[in-house]
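Letters are used for the chains, namely A, B, C and D, taken in the order the chains are written, and counting of residues starts over at 1 for each.
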Amino acid sequence: MKTRGIWIVLTLVAVAVVIFLSLRRGGPRVPQAYLYDVEQYREAETQVPLPYKETARWPLALREPRAVAVKGDGPVVVVGDRVALVLDAAGEELRRIELADEPRCVAVADVVYVGFLDRIVAYGLDGEKQAEWETLGEQAYLTGLAILGDEVFATDYGQRVVWRFDAEGKMRGRIRSASKSDGFVFPSPTFDVAADGDGLWVVNSGRRRVEQYSPQGKRGTMWGRSSMELDGFSGCCNPTHIAVMPDGRFVTTEKGLPRVKVYAADGTFAALVAGSVQLGQDAGLLDVAVDAAGRILVLDAADRSIRIYEEQPDDG
Amino acid sequence: MIRFPKPDFESGYVLPETQTVAARAAGWETLDVVLLALALAVGTWLVLKHRRRGGIVALMLACLAYFGFYREGCVCPVGSIQNVAQALGDSGYGVPLVVLLFFLLPLLTALFFGRTFCAGICPLGAIQDIVIVKPVRLPAWLRHALGVIPTLYLGVALLLAYAGAGYLVCRYDPFVGLFRLSATLPMLIFGGGLLLLGTVVARPYCRFLCPYGVLLGWASACSWKRVTVTPNDCVQCRLCETACPFDAIRVPSPERESEARWSRVRRMGLYLVLLPALALAGGWTGARLMRELAAVDPRVELVAELDAEALGVKAESGSRSEAFRASGMSEAAARAEADEVKLRLHRAGLGFGGFIGLAVGLQLAGLSIGRRRVDYEPDRQHCLACGRCFAYCPREQQRRKQGSTTEDTEDTKGTRRLLCNMKRAVGTREGRS
Amino acid sequence: MSADRTTSWRETAAWMVLGVAGVFCATLLVLMLASVVQMRNAPPLDTPELQALRELVRQQPEREGLQAQVQALDLLARRAHFAGGNALRVGSGMLLVGLAVLMGAAHVLRESRVGVHAPEKADDAAAADTAPASRRALLGMLGVIVLLALLIPLLRNSPAPVVPPVPDNGAPPVEPDGAENTPCLWPNFRGPGGLGVAADGDPPLIWDGTTGSNILWRTAVPRVGFSSPIVCGNRVFLSGGDASLREVYCFDADDGSLQWRHPVTGIEGSSDKLPDVTDDTGYAAPTMAGAGGRVFALFATGDVVALDHAGERLWGRCLGLPDNPYGHASSLIAFEDLLFIQIDDNNGGRLLALNVADGTTAWQVKRDVEACWSSPVLIQTARGPELILNGNPNVAGYDPRSGALRWSEECMSGEVAVSAAATDDIIFIANEYAVLVALRVTDGPERLWEYDEDLPDVASPVAGAGCLFVPTSYGLLTCFDAATGSQHWSHEFDEGFYASPVLAAGRIYLVDMEGVMHVIKAGPTFELLASNPLGERATSTAAFVGDRIYIRGAKHLVCIGAARE
Amino acid sequence: MTDNDQKQTSRREMLRLVGRVGVLGCLASLAGMLTGRLRAGCIEAGPACKGCPDQDGCDLVTPPTVWQLDPAKCTQCGQCATDCVLAQSAVRCFHTHALCGHCKLCFGYFEPGARVLSSAAENQLCPTGAIQRRFVEDPYYTYTIEKDLCIGCAKCVHGCGMFGNGSLYLQVDHELCKNCNECSIARRCPANAFERVPVSEAYLLKGQGEEEGH
């Protein structure tokens, strides 16, 4: 009688243990409804041809590279870590210019203009400091530089204006949005400018479009649409950077779904240069420049390198 | 420097602050310690001086309500052993003073006055105590066999905490989910099953699982004062024999010995000679066991995942390997860390297994010693000081009667019944002889 | 009398309460358990219907009424989620109260029965007799614990750790970046980096293929080939082929059983025309490569395939028919997510990097060289990993990530088939009718020393232990001081060498064409440790993983290892 | 006989005394070791040292601590919603408005690819609809978390971190957290983002003065 009770008890324990163990297996799974899913948009990137190939990658000895610029077919300048590196067209380091502060953006013609948070400093290609321009105030937060003729334009994310300087650093004026309801919106510091014969091309990232301005600040055409599809700009604030190709086409870069894309001169989508498969899903802001030969230089800060893309007919 | 300048609001919109609710203030933790100390003091007085089950039950319910349902189980002395073990193994981890006191106070009490903590303060014990309905007596062999489990559990839990692999005891705490009214299904089944079992096998968790109980038992085995069944001398009435639901009352040893002395001595000698072998076997088992158990460590888990991926097994989303790659840590470092954990557990398991082997060997040898016992007395190590046996003792009834008025209370009613029983029992014995 | 009546009244009441509370608790418990199980198995927020409907809306945004449906279903789901949680909270509170009542009643009942049972009949012997049973139980428990410790690995049923995941602290410097991510311990021709150095392990010294001593298994390979085995995890991969069919084989490393064979057919762009190959090159001369759970195979037809370890084809591609006087022989090597292919044929050379994921060309560089048969090797230099290609007339170093040419040195001539050896940033390269040269490659190629007698023409040299070992196809093995080029010793064997030597556990393992593997101490004094016959001819380089050697003979794949007792 | 018994009893008492002293010694040295180490200085990077630049400011004993998760390490795997011992997870989404871009098209709020920027269910990301979207002025919107609805799944955190400024992030809400001795989310967190922090600094809110690099 007594022993039978014990065996019943033991059986109970054993059953409990078995149930317990069997339920432990696997562990809780996260329901699909809780997962953020942009896979279909990444998938779309793999469905289109990639006419541009990464032909070289220049590793940079910088912890945090910030911006890249190129002068025609001449030197390439990269800034970051309080230094500006001047590279030749093959990526070999020609010169190293020590900077006093953390650089934010750069433009290069015969002079290297380095944009800091609130001011621009000009250096010669030989590394000689030529001039330090006046500060733009406490609110300033420079994010992009462009050279048009003998004038320099700087985008100021903090004050939502594009500053206009002459070559000596004298302020000539500023470009600001005409109306607030259709003006510049920058949820994050993604405000870039590029220049070509038609004037300035300013990224209005909060509205996912590129706007053309005359040097005097008159708005011209604009292009770009908000979409997760390949031909539009995804996310809340894209594109992040822009460059103009010698033939008038545009190169844009995007964050979120990292993409480098080429748009025709009229703003229609032309090609995907690289997507998240090539750049990695965690690529940050990608600055971009184009040299006279049409090579696209993408600054991959996460990879600490410059990726060179060239159009190639087909590899057969 | 603000990274994101405020949008140019013109409507006078003011950015709201992020609202946070403060954590429970530190003062409350101090209150917990004070209450614990107070409860231990009151409990000790109830068990050793007052000697009434009613008071102990009241204390038990109060503690169950406060430490169990109000404080919802954390931190408890049972879990605190792991914090202490982790602090010993990891110089980067400091035990908060509160936790240290939670660990020490019940042990010190046990060292001087027996397991008062188990009797009426531990919420895990209390919830099992109130579900005891019809306790069965377990045979001695079963008690001895199952009695190894808590020591084993203690060892495994301490080693894992020492190596920083997590808190096993907290993870498999069966009752904390009941206190919070929120538990995973497996834990609910585990806790519910134990309670169901607890209706017939009294306090199964306390006796056959609780790791802190092992430490308390050791301390209690060499305690200064202790619970006794009788307030003065034992009259050998045998009435208390069935009083203890935990089989912790030891009966007097028989007049004539069942086995010749020399054969006992010889066997004891044999076990003592076997000790090193047992320790070695224990060490080997421990090392092996701990090496396997290292798999529960997150660092080892990560490397296992990486290995599986290398073999082509896709990890699911949200896996450790995915986060690991995002962190940019080097794989060699991760592997070195995991190997270190494994090695540490392996070594610690070797030592601990050896210790277990030794302890069981000594227990085996001890079982061969015929210890003479003349009176009915609670087992020093296993008595939970619940006070159930008091009312069964006629001498205790006498004491209470002398001390109390002639009012016909529940107690005196019980006494009458018991004395009547006693007479009957003595009568049968005389009749037989 | 009155006491009895009270007792029975209390008892009756307690029984009633007990019954009611019991039924209440049981019902509640069943309901709650059902609810918990349902919430667990089908979380309301994650109903497939809702997911499907949301997907539908995304695809057909213009369709009428869909939005309303989603909104309705979504509202239901949210309500179910929060209501379920609330119900459980309330339910558990009620259950607790019910249980308290139940226990109270049970205690009242028990109280009323206290004292009814007298102590049991005394049997004095029982108390003393528990000791032996307890002793037995304790010993039994110990046994159970030991058994448990033995069984736990089986219970966990984890995939047996077939890959010893231990690049020791002293991982060889030649190991390419990213090798630690791959489970392939012998990932390509001549092992890690293609340098002929085994990372660790202690392969046997003595065996005999004619008697089977220290031979773990021997499995026939269906089709011939001069490619060498590669080892990934517990699998050995080989390629083989003839004019009718090219195949990839996978063997179990533990027992040698053929796991699967994969015919390389149906590749887009692959023509039916076969290349002209000689009998001692064949269709399957390039050794495979493995990385990231994939293996890759290339054949003289220019077909390249990627397979997973289960033998499923991930992609296949034809690179065009190589125009090569003997047949294409250069082996594959993978690095990070790229697979490198050196195709130097009569049309000029090219170096291709294919994305391992899909086989698309990541980059491609033209090489101005003659046809050759050597294989790329990968070394670690101060400026990062570098791919070394031997060719006629140039030896060249490339950046494996971009394909950028880092340096090039004109020093080879003839029919180049030998691949490089290397220690740190010094590479050793040689070919018959040319020269043996040591180049320091970091600061532009700098010639350290040269030697122009007894040059190899098929087998490649191997460097290690401060020495360079150079085998020739007429059986001469020469040992040089790696730093100065002075000759330590030279020894003539009976047979010539086509297979390349491998340095493992401080010994040089070199198999001659008759299948006799000579084991020589790797050091400045010549010491022949053993000569072990395989039992068949051998021209492929063996793979060394752990304490085992996998070698391809003329007909069989053979695994050499110390037999387990 | 009695004499023998007494001898035995006193022998046992002696043994007990020895045992007692032994255990007492063990406990005392344990306590001394654990508090002594704290007294000697700070345990490196332990909770006692949080927030003080040098060791002088450290407490002599470790203060009470609570669980918190570091948003910088979080990978938004979604397990916070499922792994808490509580039916409703103690981890919830927090919002630092100062970091918010106040976008009209918020990727923490809308499904990627939402065509209409309305609060309709098919456009919303949050499985429980716990985010409130309100118009401020053209072109700005403000977003607030309804705490009682948030289940801590981090879906919005992922969207906002990927495309936006990362102003949405997860935190352990101490209104709910039971402060388990071993946090069951911490144990399974793939990114090891959970840590114990002093009770006085119970939250690791984003945007507290520091400028983050991007």
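Definition applied: contacts are C-beta pairs under 8 Å (C-beta built on N, C-alpha and C of every residue); 3 or more make two chains touch, one makes a residue touch a chain.
Fair warning: this is a prediction, and the values are worked out from it, not measured in the lab.
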{"item": "Contact-richer chain pair (by C-beta pairs counted) among A-B and B-C", "value": "B-C"}
{"item": "CA centroid of chain A to CA centroid of chain B, Å", "value": "59"}
{"item": "Distance from the mean Cα position of chain C to that of chain B, given in whole angstrom", "value": "46"}
{"item": "Centre distance in Å when chain C and chain D are each reduced to the mean of their C-alpha atoms", "value": "37"}
{"item": "Per-residue overlap in chain A, given as positions that touch at least 2 other chains", "value": "29-31, 33-35, 180, 187-189"}
{"item": "Overlap residues in chain D, where contacts from two or more other chains coincide", "value": "77-79, 87, 100-102, 113, 127, 151, 165"}
{"item": "Sites on chain B at which at least two other chains make contact", "value": "3-4, 10, 139, 142, 182, 185, 317-318, 326"}
{"item": "Category of the chain touch graph - line, ring, star, complete, other", "value": "complete"}
{"item": "Touch list for chain C against partner chain D, complex", "value": "45-46, 54, 57-58, 61, 66-67, 70-71, 74-75, 78, 81-82, 85, 88-89"}
{"item": "Residue numbers on chain A that touch chain C, as the complex places them", "value": "31-34, 53-59, 90-91, 277, 308, 315-316"}
{"item": "Partner chain B, residues of chain D touching it in the complex", "value": "5, 8, 15-20, 22-24, 27, 30-31, 33-35, 37-38, 43-48, 61-66, 73, 75, 77-79, 85-87, 94-102, 136-137, 140, 142, 144, 165, 171, 173-175, 177-182, 184, 187, 190-192, 199-200, 202-203, 205, 207, 211-212"}
{"item": "Footprint of chain B on chain C - complex, ascending", "value": "3, 36-37, 40, 88-89, 92-93, 96, 103, 106-107, 110, 114-115, 117-122, 124-125, 127-131, 133-142, 145-146, 148-150, 152-153, 156, 158-159, 161-163, 165-167, 180-183, 233, 292-293, 308-310"}
{"item": "Chain C partner contacts - residues on chain B that touch it in the complex", "value": "130-131, 133-134, 139-146, 148, 152, 178, 181-182, 185, 188, 238-239, 241-242, 251, 253-255, 257-259, 278, 281-282, 285-286, 288-289, 292-293, 295, 303-304, 306-313, 331-332, 335, 357, 360, 363-364, 367-368, 370, 413-414, 417-418, 420-421, 424-425, 428-429"}
